[in-house]
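Below, chain A partners chain B and then partners chain C, in two separate complexes.
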Partner chain A sequence: MALAPHKRLVDKDRPPVAAPDPRPRPARTAPPWWFALPAMLLFAFVVLVPSVRGVYYAFTDWDGLDPDFSFVGLDNFAAMLDDPDAKQAVWHTLLIAVAITVVQNAVGLLLALGVNSAIKSRNLLRVFLFAPAVITPIVTAYLWRNLLGPDGAVNSLFGAVGLGGWRQDWLGDPELALWSVVGVTVWQYAGYSMVIFLAGLQSVPKEIHEAASMDGAGPVRRFWSVTRPLLAPALTINLMLSIIGGIKLFDQVYALTGGGPGHATDTISTLIYKDAFTLGEFGYSIALAVVLTIIVAVVSAGQYAALSRNERAAS
Partner chain B sequence: MKTRTLPVTVAAVTSMAVLAACSGGTKAGTESGSGGSKTLTVASVDQGSIEDVVKAFEKANPGVKVRYTTSGADQYQQQIRTQLSSGTAPDVLSVWPGNGNPAATYVLAKPGYLRDLSDRPWAAKLPDAMKSVAQYEGKTYNAVFGQNGIGAVYNEQALKKAGLTAPDTWKDLLAFCKAAKAKGTPAFALGNQDNWVTQLVLYALVATTVYGEDRDFDKKMQAGEVTFAKSSWATALDKYMTMEKTGCFQKNPLGTNYEASQQLAATGKTLGIVQGNWVIALLQQKNPKGTFTLKALPATDDPAQTLVPAAAGAGYGVNAKAKNEELALKFVDFVMSAGGMNTFVKKQGGLPSLSDTGFAADPSLAELSEFIESDRTVPFMDQLWPNPKVQQTMLSGLQEIFSGQSTPAKLLDEMDADYKSGS
Partner chain C sequence: MKRYGRRTLALELAMIAAALFVGFPVYVLVNLAVRPTSDTSSPISPTTSPTLDNFTQAWQQGALGGALANSLLVTVCSVVVVLAVSSLAAYPLARITARWSRGTYLTILLGLALPFQLASLPLYQTMRDLGLLGTPWALVLFYAGLQVPFTVFLYVGFLRALPGDFEDAALIDGCTPLQSFRYVVLPMLKPITVTALVLNTVAVWNDFFTPLLYLSGSAQQTLPVAIAGFVGQYVTDWNLIFAALVISILPVLLVYFLLQRSIINGFAGGLKG
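Presenting the complex of A and B:
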């Protein structure tokens, strides 16, 4: 409420917006639609057509090899309902996606707030924190696989600083393995979220903060009432990216645990891979992939609707 | 508008047609280039050993160029299936014996992707145990050049330091484990985080407990006369768990991967490792000064009863639609010749599949060759299973037992169910 007068003050200080030009725009500013044709053709050729053709196999019992296969209708989808591995994988996938989305963005935001302040080595810090995001996931996963071993660096570190009781079988304990996977993924991509938040933070004009400080708003209040609403677009992008990434998570899980111990960390993606390439159940595997696509589409559409409503309310 | 779109569409379509023509042209070029230089294409899983064989083959066949790719088993199985079903597979390809893996002999021969190799000179010479897994419906499809065995690989220096000797009865094995544990160096490293590793101890025990009683167990399984759950598989699984409870393995085998388990055995943090003979070369890389010996893993108190799992490793098949069939056949014949075979198995640390190659086995494999020569071996269990699911259920089930999520009885029931679901 103390901010209200300043809000008006800021509005008044904005440079006047140029009146819209009443003359019709020259035709050449709108490029003809066929400029997009090569891209559209390429997309159709490489993505659309194969995807649509691939879906057909979800209704067959193809083993990925034998040219002799038959149409089985919805059998593959019905089989999913009786497949405990599939049910477990869906549950793990959702758990991982939610955990990654929440933790990665919370950490990313804290990091962004940290490196956005006027500390000396902030540029170095930014590079350092972003670094994991540019390394191939498979490489980081193999690195962590060794760090998290029973005699790995993480346990050795706990032992060395007198926290021997914290030593864990990070990847071998079925209760822990899923969270180790989440931890490694967050470690890798928190810097990525940070960069997007940082861009959002830097678009917040200093003057508003100064004005809010003069009104006596503390750092928490300034964050909540000034920074947060202006960060809404960055938050939308970050949440979308992390939830989609979380639902599709494959590389980290496959390289860290292979879905194990047992099926304790299997996600829909690792199951798709195993069914197709280890068990030769291609039709079933593609049916799973179709379900995964539907989940991604529904979740991200729902999230987009909710967030854009939120964004409009915040601005 | 219409007049402008048409030429664009035409241009786009023509350019695609031109592109297609170009790619078709180059392809046709290599195919018809059979005049002077000949090219053979090979896809292989024998990383680190095929290189020497290719060099020797090219030397023996002047003017021939072998274009080969190598990859790990997982990646290879995925790649080869895609290539075969899209008609882009190489002339010669790695093929596993038997059934139960996505690039195994039965799996690829059944839909007709492999050329019948029964007419080759070496086909008739394969020992019976090899024939059963290199053939499909009586025809030979797989040039299996080597064989491997599973047993306890001991680090001789670590054994000496601990003042212990390798056990040859079940009773001694448990005593050995206890003594080793008391000295602070567990008997065996176990890298169960990689799920294929989980099966090795079990296979070593099953060889004696199941096949020691009944060499025809597989035939009876196929006829539906016996089941996993009601056979000595249960005894073997129970012994595996007894080994775990006795402290035969290091702590947290589920958090330990294959690589880490090699490190433990190579550096003497454990006295050995239960693995295939292929691990010896890897242990030697990690500890060049070490001496590693493969011995049978006992499962009963009568050493004379002990059997060893030993089986054909991945061999080579010829693509039924090979672009250069003649050269492909020449290559598999070369692989199966004394020279080719010895080059391969020497580099891989295995044994040749044919006995008359004059191969001098490494001392570390002396016991394994004795077992093979006296016919005291059984094929790896999964090679004759009807589908890959049985093995996958076993692998993840063993991880679940080790982490307390499942029980041996439940696992054997699940394996029976998958076995019965057929191919």
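Presenting the complex of A and C:
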């Protein structure tokens, strides 16, 4: 099989650049299959085999230590339905993922349009606005934990500009804490979305804009009819990244609120950690990880289908 | 090109305001880190008598030097391994169209969708049985495998867009496949290698969940875990904590500002792929 004739994959949507070579290529030009072996072994050891074992443990009552454990069927999943913490965590996870996706991309797009315009400081601003995205998330989360405290800088700032009424216990108030987590995450990653949108914006040819401008299209019309369709690929990537990142969010919640107050900000990720390592419910916790996997898979598949339809319609 | 009119000026001011808003936490961070504990004025008023005491104290008490060295070791080793095995694997996976090759590639891509919690909990047990828990090598092994799907994905996409003529010529001229990879393919992959290097480095350096599990209770922490431990220990002494945060952010920001062009391009280009 490794000796298959060397053929390159041809993108079906695009005509080939040159006519295909009619002569069969010599078999020895194919790189040997075992080049892929080291990567495959690492991947199998770290991701594939443990994931399969994880799915198995989800149907057991293993505590993570005891070699004696038994198969319990769907008990772990049934227990989730009776576990208010688990149901709440699923709800929080979805809420956080959707909120982050919407806000982060809206802010990222506005920033990208700003730094793609004719302003003088655009290069400096690009560098500056992206900086939070490279800083360790756990570190920014600890920073914000202090800033959002009752006597923290955010409340001080409101006091200083005469908006004392806006002072809040941002992380201690169960109604607010979840939105504070969303806000901090958006602060960190809005620049990330901006950079991807910016790459998309720079692929929009100037001539089309100028032509539309001469035909009398205003800035809003030009954005909607010219820029927006050409931004579709960047939007696809941004939505995928932010929604999957939001579903898996761990560091920010762990450092900002630890899932509290009470369970007000617990997500599936933080609950997996707590159940496995503080309660010793390994089997149950891995069942939660399976639910997380299913949510990620369903969301990505649905999003992929919807967005590729949208991209086709836009192009 | 349009003139720099009043509208552009307004946009410029709005964007600078946005940047100040983004920078505000960093101002508070530095402001509190240089403040003596006795100074209890508002966190936003500038510190009157700045000191560097917090930094020396945080550096010593947090064992941050050792953590920094550990993070460096883990990041360099795992990124080198993952780039080497992924570029090598991408060569046959991109060039051979047999069914096994497509099947292998799709299996690897499946790894992109799996949340790492699913694999990392059972793997915890394997690492324990192998006696690797608590050592940086468990992390190197973990990241090298975990980052394979994404890195192979980047390399295969890039390689498929390149013509195979140079490799074919090299092989016909008598190169072994390994020589053709080393002297022909690898140099052509340089742009995507830079992107993969940046994205993997940021991902490994910043990760918190895995070292929290695999190194808990051990003396050999990575920087994010050491910081978390430090915050837990000095809960109320925020000036000291902020000094530790500054120390941990400094290397990242330094590298970022030096290499910002290729880092930003890497993020945009690598993910656009």
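We adopt the following convention: the second predicted complex is superposed on the first by the 279 of 315 C-alpha atoms of A that agree within 3 Å, B and C clash if a C-alpha of one lies under 4 Å from a C-alpha of the other, contacts with A are read in each partner's own complex, and residues count from 1 in each chain.
The definition used in the following text is that contacts are C-beta pairs under 8 Å (C-beta built on N, C-alpha and C of every residue); 3 or more make two chains touch, one makes a residue touch a chain.
Computed from a predicted model, the values in this text were never measured in an experiment.
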Check: Does chain B (first) or chain C (second) touch A:L171, or do both, or does neither?
Finding: first
Next item on the list: Tell me which partner A:G64 touches in the superposition: chain B (first), chain C (second), both or neither.
Entry: both
Note to self: With both structures fitted on chain A, tell me whether chain B or chain C touches more of chain A's residues.
What the structure shows: C
Check: Thinking of the overlay built on chain A, is A:N146 touched by chain B (first), by chain C (second), by both, or by neither?
Finding: both
Note to self: Going by the contact rule set out at the top, does A:G280 touch chain B (first), chain C (second), both, or neither?
What the structure shows: first
Check: Touching A:P32 in the superposition: chain B (first), chain C (second), both, neither?
Finding: both
Note to self: Identify the residues of chain A that lie in both the chain B contact region and the chain C contact region.
What the structure shows: 32, 37-38, 64, 146, 151, 276-277
Next item on the list: Can you check the complex and tell me which residues of chain A touch chain B?
Entry: 32, 34, 37-38, 41, 64-68, 145-146, 148-151, 169-174, 257-264, 274, 276-280
Margin query: Can you tell me which positions in chain A touch chain C when the two form their complex?
Written below: 1-2, 4, 6-9, 25-26, 28-33, 35-40, 42-43, 45-48, 50-51, 53-55, 57, 64, 111, 114-115, 117-122, 125-140, 142-144, 146-147, 151-153, 156-157, 159-160, 187, 190-192, 195-196, 198-200, 233-234, 237, 241, 247-248, 250-251, 254-255, 269, 272-273, 276-277, 282, 285-286, 289-290, 292-293, 296-297, 300
Checklist line | In the complex, chain C residues that touch chain A | finding: 1-2, 4, 8, 11-12, 14-16, 18-19, 22-25, 28-29, 32, 42-44, 81-82, 84-86, 88-89, 91-101, 104, 107-108, 111, 113-126, 141-142, 144-146, 148-149, 152, 160, 163-164, 167-168, 171-172, 177, 180-181, 202, 205-206, 208-209, 213, 216, 223-224, 227-228, 231, 238, 241-242, 245, 248-249, 252-253, 256-257, 260, 263-264, 267-269, 271-272
Item checked: chain B residues within the chain A interface of the complex -> 4-5, 8-9, 12, 16, 74, 77-78, 81, 84-85, 102, 107-108, 110-111, 113, 192-195, 250-257, 259-260, 387-389, 392, 396-397, 399-400, 402-406
